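First the structure, which I've put down as structure tokens, then a few questions once you've had a look.
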């Protein structure tokens, strides 16, 4: 399948040197997207975490020890591994902005997309969403509640994108060319250190345009050729190295695209 | 001609054929699939207009100025308030979960009266208030019979409580031991007065000794914003951050340098650094400089390495960084925001004096005018008080607990809880069924921050006098609760004493007026800031001289409680929406993982995953070991906020409570109760 | 074996003869027609339950006062659509009974004054998983998608599907898709789903 | 007492004994049934599957049985299209085995998906780019074909066959069987391939990803070959097992050996390309994405030994054994080779399913270990029990083995 090109490409640039790993993004994400609280949430094998903050270590000790925190939303790959495999078109990458969709009423829960995604960005609803009595009154209007048995994932808080377009229309602006900051996912909006920047990586007006091309910018598993729309930035080489696979020889493999 | 088998068959066949040309099958199939896509037991979304209302979210110790998003009037999410210069649009992980906390299963739903061990019955408000008044009337006028513990450092509610007590002829008003409390003691030891503040935004080098300034110390979000401002993505950093503490925590993770310093070695580290600076030519006009110089000289590279395990070059490198900095600031504090000795503070603060940064990097806040006439801030801490109760030195007949959880969040927690239980009448003003409330004879549910008026003056750490105030976001509380201050004011009237106010709202507007702040602007999400007074401080040499020399022994390990704001605070168990933030290296099922580095583990004879028992004093804590090279030598790091015995299914019985194994000791020289750097013995089980 | 077969075959022939009576295709036709009637006439009545609006709201009267659709069904500043007005809006005129219509009296006494919102039935109900922007469809006439209630003195009956719980008028996905396709608008999933 | 229902001129065990045996198997079946109902009621949260292992025992089981069931289409192809008449002695059995494997696999699949009610979406909203869509189509269609192939066998049951209509029906179906065999061969080839393709296209899973020809990754062809390389011999093993249990000769050894030869030939072709493919993957593809062969394996659970067992011990060895007449014609060795062959192919399916998703792709991630829980085992066991039941009934009442009378005279 040939990867589709878009005029607008929503992308994230996450500054790993600024992320303290406080977890506010995970909370904001869970709230925005109506993910029911999980009793045993430290067991990451059964949780729903559209946004998950990984802890990276340089494996040294004492005064040399360093850790970095890596927030992992859905990469919204330009050449997604998950979309072509879905047997029922419950997910597509078809809309201006290049956000990979996931439609819960269509998904049959075969989990083939989960097997396909190397970022573990896709999650399966093991159980029906059970909110403590009364807490359903605090449901966000932006994401429909999912039944058990379907797969879901981060969609850059897509409803906020739609709302931003409506706002633009209301104010007589161009919904297809939103201003920088007009559309912000919950995680980017709430991050107390502003480690997460968001915008159109193809639009010079948006600050992510330059950030994504910075010399310290990199993407996860670039060599697999999935062409993610999420970029990371770190001045620490060991962190950048952990962003992609390197052969035991230490030499990076030839940047080879498969599509 | 009757209808025989064959004819019947024909009719049926015709019927089936005909049905295929009707919508019956196809429409039903379609509708059933639609039904399967909207199962009736899946919750439906709320409809209506989406608004964002300014609120003061005092869920975290400092309080976040936030915008609460509502749909059809119901809060559902939290966004930062970009207009507020303190939080600048940032939100801490606890306040981010605020909307869901309104419906937390742990909330106290109505006034409760104890009717036996762990059994409560719901009662009406008038009965509850009557009961409170009755008990207080009985003890009115007998000093020492009525006591109050306040866990809210910043709210004006404290003034009302102490005012009430004073009115009842009692002086037993105690604060939960926070860092502010210790720091003010430290400032006194340095010949000054007032609450110290630290100007992170204005510094080009920030040395944090113990203080977890970017996750849980002081005005966290403001600190994070100040840090972020010096770290423009894709450009050069404009300030350096160094963290010296027992654990490679969230603050250390983003700092330019992390220096592992065991909790009990803070003084040695600071004075060792002072020594290097002085040798580099640093001088101070402070009266006790020569004394200080002589003292620091004792902390040679070898001494420091012995106490901290830090190599000489690490210290040299740091000294050089400080020397190169134009506006350095040193922040000293316990790594978990309390229990630190005043000397730990003095040692760190003295570096600011030495570097001539008092009044700029480190400030002193003037004491603010009071709203309630004739009350003074308390300098007595709940820990010492309960210790006295235990030993019979104090014998209160009634105890009022406001926004505090002493049964959980004081050293040797189990003892504290026992002592607490022995007090005849205990009333807790609490939003949630916490460990202390569960012990009380009367629980008066307090509103959630979105349901109440509240304010925050000078959250610890701010460089300038700062005042925030908030008003309710929702029309009426979702539970049958009343504002504690309103209740107390009502009680006061019934007890025949007037504090000059009927409601907390009145108190707050009086406070605002006293400060010269515009209340409407504040409740709209604004802020009031006054200026900081400089004031001269000495180096606290005479106090530091008494600092106990660190004793190292092989049988025990220093325990470093690690605070992670997302996991909640002393007065708030992990919010349901934050459970995801707990890592599999921190909690497995119901087992807490304590962290130590490989060398320490080897010394203690334990390995990764080993079941261990940490014990000190009468307390013990069960956990598993997780090896973490980010922990200082000879130290075991334990996460705070676990081992809850009340609250809800999401937190109850998960992990173990580190407070249980913290032991109180009297600080040499100051006589202050300290428990940072207390030691534990580790045993395999 | 062959013998047996012969006999069976004979019986079969017998039956055929007897059956001449019950006229070839007639029964088939009877069944066929019966099914058609059941399917097209009875079934719809069974499938939908009829409901009436809590208040006999007359769009006609309001229009005669010179009101536009947009005077009550408004866009908010953020571009979202308010849909059916809330008491707040209605009370601008109906804080107290102003007319003679009994329906108004009911509204004022049972809802407005009790500060209770009217549980209007929405003919174009869409489920939670649909995101529909009225703003994006502003250029269309309301009646192109909605029942033309403007001239009605009595709101039409509300038909609720017993299986899916949707309104009979709820627009189906294929209708949305067709219109999008005809107007060259994207049919990507997230254009309409959330 | 049920003697009247037996095929003409054959002996069967006593009814009591038969009931006992059926009861024994039914017990397993019912336990599995309980697990299945529990899964439909509570969802697959009751299984051992998790966020890392969306695929597990069930998918492995499906792929394995579908491969082993390949005897049906391939033998059918040889018998009806290539007219290798000797295969008529075993063709019925291959059909029954195929039918059991495919119907069983489909049942497992409906359990495996999170929303069984929406299983039909595969037809209603197909995504033509997805190998899985092709699998859903072909498997269901081919299962129908197998039913059609199975029906005449049922109709030939002594009593049923007395009804002339059914008799003629069966006869006519037999006459046109070549057509169905053709369709079956076509469908099967494709979904066997698509099952391989499913993994081959996983660009994010270096262990499984393969380049290929046009839209088909190499795994597409390898899966077809491996299936036909084990299907026929699996039927032989089933037959032999039945002979051992019933104590009656059912198919002459010549036919079995022929099946062995067929499987062996295909297996040899397969293993040749499999080795080429593995070599190219390790030396070409992996370096191109900066990974090494060693990174693909971990400890014992995911050790290299698995791959060597699959390719050498259970691939190359049986291949050689089966194409060498002297070895093939020795019953014991033939069956040993057959068993190795089947293990090898099943192991191949396991590795593609589990190892490829157990491997950490994110450099800061770690290997995860997967263990199926009782619910998965029970339900898989239910399918096996179901197969045994169908097979037992067929053997007792249907004329499955044309040679049986002769061989046991």
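In this document, chain identifiers A, B, C and D correspond to the written order of the chains, with residue numbering beginning at 1 in each.
Just so it is clear, a contact is a pair of C-beta atoms (placed from the backbone, for glycine too) under 8 Å apart; a residue touches a chain by one contact, two chains touch by 3 or more.
Predicted model, so just to flag it, every value in this text is computed and none were measured.
Asks: By raw count of C-beta pairs in contact, what's the busiest chain pair here?
Replies: Counting C-beta pairs in contact per chain pair, the top pair is A-B.
Asks: For which chain is the distance between its Cα centroid and the global protein Cα centroid smallest?
Replies: The most central chain, going by mean C-alpha position, is A.
Asks: Quick one: subunit A and subunit D, Cα centre-to-centre, how many Å?
Replies: 39
Asks: Report the inter-centroid distance (CA atoms only) between subunit A and subunit B in whole Å.
Replies: 31
Asks: Can you give the whole-Å distance between the Cα centres of subunit C and subunit D?
Replies: Averaging C-alpha atoms per chain gives centres 49 Å apart.
Asks: Going through subunit A residue by residue, note those that touch at least 2 other chains and give them in order.
Replies: 44, 47, 89, 104-106, 128, 144-145, 147
Asks: Which residue numbers or ranges of subunit C touch two or more of the other chains?
Replies: In subunit C, 78, 80, 127-129 touch at least two other chains.
Asks: Quick one: which residues in subunit D touch 2 or more of the other chains?
Replies: 115, 118 - these are the residues of subunit D that touch more than one other chain.
Asks: So in the complex, the part of subunit A that touches subunit D is made up of which residues?
Replies: Where subunit A meets subunit D, its residues are 1, 44-47, 54, 56, 70, 79, 81, 84-89, 106-112, 114-120, 123-128, 147-151, 220-221, 223-226, 241-249, 251-254, 256, 258.
Asks: Which part of subunit D faces subunit B closely enough to touch in the complex?
Replies: So the residues of subunit D in touch with subunit B come to 115, 117-118.
Asks: Show me the residue ranges of subunit C that touch subunit A in the complex, using the header's touch definition.
Replies: Touching subunit A: residues 75, 77-80, 127-129, 131, 133, 135-136, 138, 186-191, 193-194 of subunit C.
Asks: How about subunit B: which of its residues touch subunit A in the complex?
Replies: For this pair, the touching residues of subunit B are 37-39, 41-48, 50, 71, 74-80, 89-93, 96-97, 99-100, 102-105, 214-215, 220-221, 224-225, 227-228, 231, 233-234, 248, 250-254, 257-260, 309-311, 314, 478, 565-566, 575-589, 597-599, 629-630, 633, 648-650.
Asks: Which residues of subunit B touch subunit D once you look at their complex with the stated criterion?
Replies: Interface residues on the subunit B side: 32-33, 36.
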